[in-house]
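Per-chain numbering from 1; labels A, B, C and D assigned in written order.
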Amino acid sequence: MADPMKIRANAANGVTEVKVLMAHPMEAGIRKDAAGVVVPAHYITDVTVKHGERVVLQCLWGQSVSQNPYLAFKFKGGAKGDTVSVSWQDNLGESRTDQVTVA
Amino acid sequence: MPLSRVTWASLLGLVIAGSASAQSVSDEIAKYRAMLADGNPAELVEGQGEVLWTSKRGPKQVTLEACDLGKGPGVLAGAYAELPRYFKDTGKVMDAEARLVHCMVTLQGIERADIVRKPFSEQGERATDMEALAAYVSAASRDMKINLPQQHAEEKAAYARGKQAFFYRAGPHDFSCASCHSKNDQRIRLQDLPNLQQAAAARGAFASWPAYRVSQGAVRTMQWRMADCFRQQRFPQLEYNSQAAIDLITYLGVNAKGGTMAAPGLKR
Amino acid sequence: MNPTRRTVLKTSSALGLLVACGLVTSQQALAATGREGFSAKSLADALAAVGGTPADSKDIVITSPDIAENGAVVPVGVVSNIPGTSEIYFFVEKNPNPLAAMFRIPEGTNAAVQSRLKMGQSTNVVAVVKTADGKLYSATKETKVTLGGCGG
Amino acid sequence: MHSKFITAALLGVLASSAALAAGPTTKDSADLAAFKASFRDKNEATVDRLEQSEAQRLCSQDAQRPLKPAQRKQIEQQATATVRYPADGNYLGDWKEGEKVAQNGRGLQSSDPKGTPAGGNCYACHKLDQKEIAFGNIGPSLQQYGKLRGGPTPEILKYTWAKIYNSHAFQACSVMPRFGAAGILTEKQMQDVMALLLAPESPVNQ
């Protein structure tokens, strides 16, 4: 079970800025562990960010995104008290959704 | 190489060109760090630590919320900024990590050996309980002044021993802590080496641990920092919660008095 | 990958561009499912998978450090000032799989995203922007990845 | 205060280390015993590495209170006596291999599996090939080392070899490891590093 994300969403002047940190190993499938065994690939492939029910960003990711991924962007609209939700899925079928109230 | 620098080199010699480019390299490294400052993955681990602190765990099924980190049972705010310190109940100087282990053993009834068997995570693993708790507890001292007590004779003795350990040269490379950390303006590769005898540099160092190490994708604790320095000194393995570890953290922390805590930090 | 087409795609002259633009339609169909580019082993193949050879554009700004203290985490931001930007791609040229990330930008979202990427060595970062009408634009920036610390 | 640990260490030489561990007679020797007890063996990094040589003891003291000139002289003389020049008289190996040794910072650490070849890690402290931007400044720049010294003359070859072999021969309590005397690098690795520094075609001399 993956740890919760850290999501910040701040509205100012009609624009909402979203910053997300996700807890994920993002294994590329090429690193060897201490015993010399290749650690299997394990990485987030899809991220969807919604403002209420409206999709405001969709991401497709590969193995080159860093461990514990960071994502930041802005969308027009959004007001204090609205909900922003972030969902991810990884290549092993795990997923997680967290949400935050716009500040 | 830009033409202007070639001209400089030919006019004034390679030494000047060399130092000019070293300056621009450190400026670029500073920019890299600034770009990472917003969004420290240590926050994810702090959250994990908060859950550990407030969850009923161990054979006794109690939380750590009654743990006395030096400012009284359950007082988290500012406690990290005053550790290591002397604890009457154990008769020892303890740092944050040793004290957390003590609380897990005495309050929650968890076996000490089970806690200290693997205090630090391997690459790609979830943070250990010690890493998560250290991140959470240190964050509760953010923006507070570093102020290790030096009243008790044991606290003074720990500082004195820590200082001796700092200068102890041994091993195949003849290194001591001081080999790298006793002069100003020194770098290993591109990394600045703080002169830990001086307040300004000691403050910067003490204030920023525990830290998320991007090269390892993990939050590392102050005891990990000490053990890893000894590893690179080619010393044997520093034991977790050993006296030398706590003495050295005391030496560093006392030298850092008056600094402002900013942990968990973010490092290369 | 068809070697003839590879040759065409590598041609970045104005003529090559027109040819490449002609290829966009067939490539778009391929890219529709989205993930093909991620398995490509070279920048050329990855670009082909996302739609062909982009035109250089000064309206794309890449923010990334000139020198990264560690290649495991390199902050990369891309701002597109190109009207109608619908997708932004991040490529790390020298990684085993150069395509690192793709962002779909719906109407109302700023065409600007920031993330952090792994870089195995000093490399070019290539940002590609796709517009709603299927045109591709790109910008390139180099990041030097350094060895750090005590070296072990 | 600053010399107490050292005194304890000196006492430790007189007493056997077993006696020291069994029953320290003073607070200082107890402190030293507790320091040593804070470590355990891991891979090839064993706790016997914590036993100091006389030079290590004196140099630990030097960092806090400089040694007397006579003491420094003695360390330098003893270090000079340790230097072994290459048996076949060949000082210069392959600079490309030397560059690898200069880049490699591994070896002899508690984290290194048994038998890991040790590097010289020269770039940690020195500038060498100007194309490598990640270099330290603990030691002087060695860029153009051979060129600035008129190439690999017999004197320069001997001096450079000795400096790498045991830097204390020229500067007591230098922070530079004794790559030859302490067995960190092999003779071949040292020849390769010599070539990196002195071969006219080495990037260091471009």
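Quick notes on this one:
As a working rule, contacts are C-beta pairs under 8 Å (C-beta built on N, C-alpha and C of every residue); 3 or more make two chains touch, one makes a residue touch a chain.
These numbers were taken from a predicted model, which means no experiment stands behind them.
Centre-to-centre spacing of subunit A and subunit B amounts to 29 Å, using the average Cα coordinate of each chain. Inter-chain centre distance (subunit A to subunit D, centres taken as mean C-alpha positions): 48 Å. In terms of their C-alpha centroids, the spacing between subunit B and subunit C amounts to 38 Å.
Listed for subunit C are residues 67, 72-75, 116, 146-148, 150-152, each touching two or more other chains. The set of subunit B residues that touch two or more partner chains comprises 25, 188-190, 214, 217, 232. Residue positions of subunit A with contacts to 2 or more other chains are 66-67, 70, 72.
If touching chains are joined by edges, the resulting network of the protein chains shown has some other shape, matching none of path, cycle, star or complete graph. Working note: touching chain pairs come out as A-B, A-C, B-C, B-D, C-D.
Across the complex, subunit C is touched by residues 25, 28-29, 31-33, 35-36, 188-191, 214-217, 232, 268 of subunit B.
Within the complex formed with subunit D, the residues of subunit C that make contact are 67, 144, 146-148, 150-152. Taken in their complex, subunit C has these residues touching subunit B: 63-70, 72-75, 116, 146-152. Residue ranges of subunit D in contact with subunit B, taken from their complex: 1-2, 4-5, 31, 34-35, 37-42, 45-47, 49-52, 55-57, 59-61, 63-64, 108-111, 123-125, 127, 130, 133-138, 141, 143-144, 175, 177-178, 182-184. On the subunit A side of its complex with subunit C, the touching residues are 15, 26, 28, 30, 45, 54-67, 69-77.
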